[in-house]
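Letters A, B and C mark the chains in the order given here, with residues in each chain numbered from 1 onward.
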Amino acid sequence: MKASELAKIIGGSLIGDDVEIIACAGLEEARKGDVSFCKDPKHVAMVRRTAASVVILPVDWDNECPCASIRVADPDKACMAAAKLLAPPEPVRKSGVHPSAIVDPSVKIGEGVHIGPFTVIEKGVEIGDGAIIEAQVFIGEGCRIGSGTHIYPQVTLREGTVVGKDCIFHCGVRLGGDGYGFTNSRKSDGTIVIEKIPQLGIVEIGDGVEIGSNTTIDRARIGRTYIGPMTKIDNLVQIGHNVKVKGYSGLIAQSGVAGSTEIGYGCLIWAQAGISGHIKIADGVQVGPQTGVPQSLDGSIKYVIGTPAMSMKDLAAITLAPKMIQKLKAELKALKATVAAK
Amino acid sequence: MKASELAKIIGGSLIGDDVEIIACAGLEEARKGDVSFCKDPKHVAMVRRTAASVVILPVDWDNECPCASIRVADPDKACMAAAKLLAPPEPVRKSGVHPSAIVDPSVKIGEGVHIGPFTVIEKGVEIGDGAIIEAQVFIGEGCRIGSGTHIYPQVTLREGTVVGKDCIFHCGVRLGGDGYGFTNSRKSDGTIVIEKIPQLGIVEIGDGVEIGSNTTIDRARIGRTYIGPMTKIDNLVQIGHNVKVKGYSGLIAQSGVAGSTEIGYGCLIWAQAGISGHIKIADGVQVGPQTGVPQSLDGSIKYVIGTPAMSMKDLAAITLAPKMIQKLKAELKALKATVAAK
Amino acid sequence: MKASELAKIIGGSLIGDDVEIIACAGLEEARKGDVSFCKDPKHVAMVRRTAASVVILPVDWDNECPCASIRVADPDKACMAAAKLLAPPEPVRKSGVHPSAIVDPSVKIGEGVHIGPFTVIEKGVEIGDGAIIEAQVFIGEGCRIGSGTHIYPQVTLREGTVVGKDCIFHCGVRLGGDGYGFTNSRKSDGTIVIEKIPQLGIVEIGDGVEIGSNTTIDRARIGRTYIGPMTKIDNLVQIGHNVKVKGYSGLIAQSGVAGSTEIGYGCLIWAQAGISGHIKIADGVQVGPQTGVPQSLDGSIKYVIGTPAMSMKDLAAITLAPKMIQKLKAELKALKATVAAK
């Protein structure tokens, strides 16, 4: 696309050469062929250094710019419009079942559903209107998928999984694997005996839930592992059996929740945090990155951090302990001298 | 299923309405159509609040119950029976090779083996009697799978992987990927040179090993990465090249073991723990959640926690340091006053 | 292979029985049928205990050996040669498209490219000479794959992903999933409103990058998530949207980098470390295992560790705090006694 064309579409005026534009990128990572953007004169140094071919700037920008620019009234809006124009086009997933897909005759498929190549859908599955099931997906017996849900390639749903409307599951999501449940005992001769506890429940996902790549959610031992509506789960997250996430919560990458724990409404679990089993996290609590939560959180502390989880203030006190100790040591030494001199 | 039918099967007597039951669930997460259970009068408040349609209770339960109940002699046993009855039926995987599977003519397939759709099995593979290889699995050249082993969809076994009897591999397990091995040097001009070290070994899995969804186990650089019998590995666990897990151990979700480390018999590695390379963990040691183990553990401490790994007592001392410092500070202040007054 | 044959190939002389050899393994894990190796008389105890059938030893080895041995001038070189000979043969991936693969007619395929069974390649994709795309891979619309790149089974590349030359992607790698981006607000009645932010960018991977099993790299919100040349990424690593890894860096298993962060040249991020979003890690910095990095690192500390990231010395001071406190306590007590006695 020519810079002049882009200027026209986003309602701006081009200053400088009418170069060819291929993509959109931030000022620092931009290269030849990119359009970038800046709305704040504070970042003039970044504009000066950019390798972009064109920069979207406010109309009243009176600093230099090393390349062509497009002047607009609202750079934020213009930049989002440019990004959408230059983004890789979203693939069209037409209604219909790909001839290579293996779909059991008993499967109930709604209106306008897309089922991609090499996907396997077993008996008794129900798929709501407008759902998109991409390539190489596995949907086990008796699963139910709500309308408008989008399942990316290579997702697996074990038997009995129930999914709400308008969910998005990214590549490699695993729902309904057996939970980690074993009995461990010793015979009189000391031999260890390990037996598997049957995992008889299911996974149930509410409406509007998004689940990131390679995240795993285990089926309940009995009953349901439940992810409430509008919960947003990032990549590589682990959710144990019988966990209940009430809804409207976020779980960031590589965090984990052990079995039978309940996460309240509107919680935010930051990256790599770990939450023990059989506890409750109160509504609205935030668990900081890499935090380890061994006990229930009643909400009296809104943001916990550290292992074991504590307030920011308590963690800072531990980090500052060596400095405090040095101070005490010096004071003690001084006092000793005073005492000796008396 | 009607509540009366369930009561009959589990040998109990129904009190209240003969409602329709769909599933089994814990008291707190149960909803209309669920049967739940309680054996302990201590939890009467949870019974009172439950939304279940029926609750399985001991015969001598004399507290209230907000819905129908089934009275039984042994609620634990009855509840497990009910859960099994109401669980999504385990899919039947019939003996035979799905016509869409691509199986090299040289593959040796035992009696009663199931091979699912879109599965690829390369030359020289041997599969023992009664093994189940589900849909969309990849088994590379020369792998050997023991009898009775169950491989769920979308597992990959790279060439040469050896698997024992009665193993269970959940969706997305990756066995035999190249270990992380590179040489790193600098030319005289400061340029970094990175070269791949060939990873020439294999992965060998003992009998009765279960491996959770999306867990990864790397092939050895030379020789074998070995997971001993009856080891139970949870989801998203990482096992580096040349690791040796002697057997009868558990590795909980998101834990990781770096290259060439040996884990003894009957160890338990809790969630998100990390174990350094080239060390040994003695038989029976437990490594707590999020613990980081930089050095070998000889078993003198049975449970380690924290980073670096230490005893519970030592970790508590660090956590309590700020409190101890405040106390010392106060004492020192008092002593200063005493000295000044003398 | 007979021990005598191996001896001949590696240019050594066999001492003892001409046993059959199946595999190569370290002294400690070796079993019957294995050839092992030792170059250093220091490890004579390990040689004495080994269950190997043959051990490769230096010509001047004058310690005992419980089994046959092959004496060579350079045990390191001989052992590597033996390992290569006995390794499971690397599967041959012949040039050509497997008849079961679904490749859009618009796809441009270079010379000598292998495309495996059940692989799906969508429209507009370009694949360079000599690339190997194994079984069950998904490559979305408009992706570009450089020459010599090897993609193992069950990798997914979402639309628009750009990959350099000579890369290696292990099983289950997920490139181009949507980044974690949501707006979070509250209506006047307190209801939480969560909306998805479109993720319009791509993932771009430089030349010579290796990515481990089940690692996930998200597409940029706008522009590119960029992994620079020769970067080596281990298993189960998470890279957020708009991250920039300049190149020649290593990211070890289960580490994670949050959105928009920049990792300099020649960095090493150890296992399970987590790096916050919107920060910069200077060239050559090492981030220790399980470290949490909340702020930019300017390179003044070359190796950071702990959460929050600090120097080894500072972390040691925290770990030693309880001991220091005990010492201060004792000194204070002694001083109190002195004061009281005056």
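As a working rule, contacts are C-beta pairs under 8 Å (C-beta built on N, C-alpha and C of every residue); 3 or more make two chains touch, one makes a residue touch a chain.
All values reported here derive from a predicted model rather than from experimental measurement.
Trainee: Chain A-chain B contact: same residues or different, taking over half shared as same?
Mentor: different
Trainee: Taking only the C-alpha atoms, how many degrees of rotation bring chain B onto chain C, rounded to the nearest 5?
Mentor: For the C-alpha superposition of chain B onto chain C, the angle is 120 degrees.
Trainee: Need the CA-centroid distance for the pair chain A / chain B, whole Å please.
Mentor: One centre to the other, that is 22 Å.
Trainee: Where in chain B do residues touch two or more other chains at once?
Mentor: Those would be 118, 136, 154, 172, 214, 236, 254, 272, 290, 318, 321, 325, 328, 332, 335, 339, 342.
Trainee: Which positions of chain A touch chain B when the two form their complex?
Mentor: My answer: residues 102, 118, 120, 122, 136, 138, 140-142, 154, 156, 158-160, 172, 174, 177-178, 180, 182, 184, 192, 194, 196, 198, 200-202, 214, 216, 218, 220, 222-224, 226, 236, 238, 240, 242, 244, 254, 256, 258, 262, 272, 274, 276, 290, 292, 294, 307-308, 314, 317-318, 320-321, 324-325, 328, 331-332, 335, 338-339, 342.
Trainee: For a test of understanding, state which residues of chain C touch chain B in their complex under the given definition.
Mentor: Contact set of chain C toward chain B: 23-26, 29-30, 34, 79, 83-84, 86-91, 100, 116-118, 134-136, 152-154, 168, 170-172, 208, 210, 212-214, 230, 232, 234-236, 248, 250, 252-254, 265-266, 271-272, 289-290, 306, 318-319, 321-322, 325, 328-329, 332, 335-336, 339, 342.
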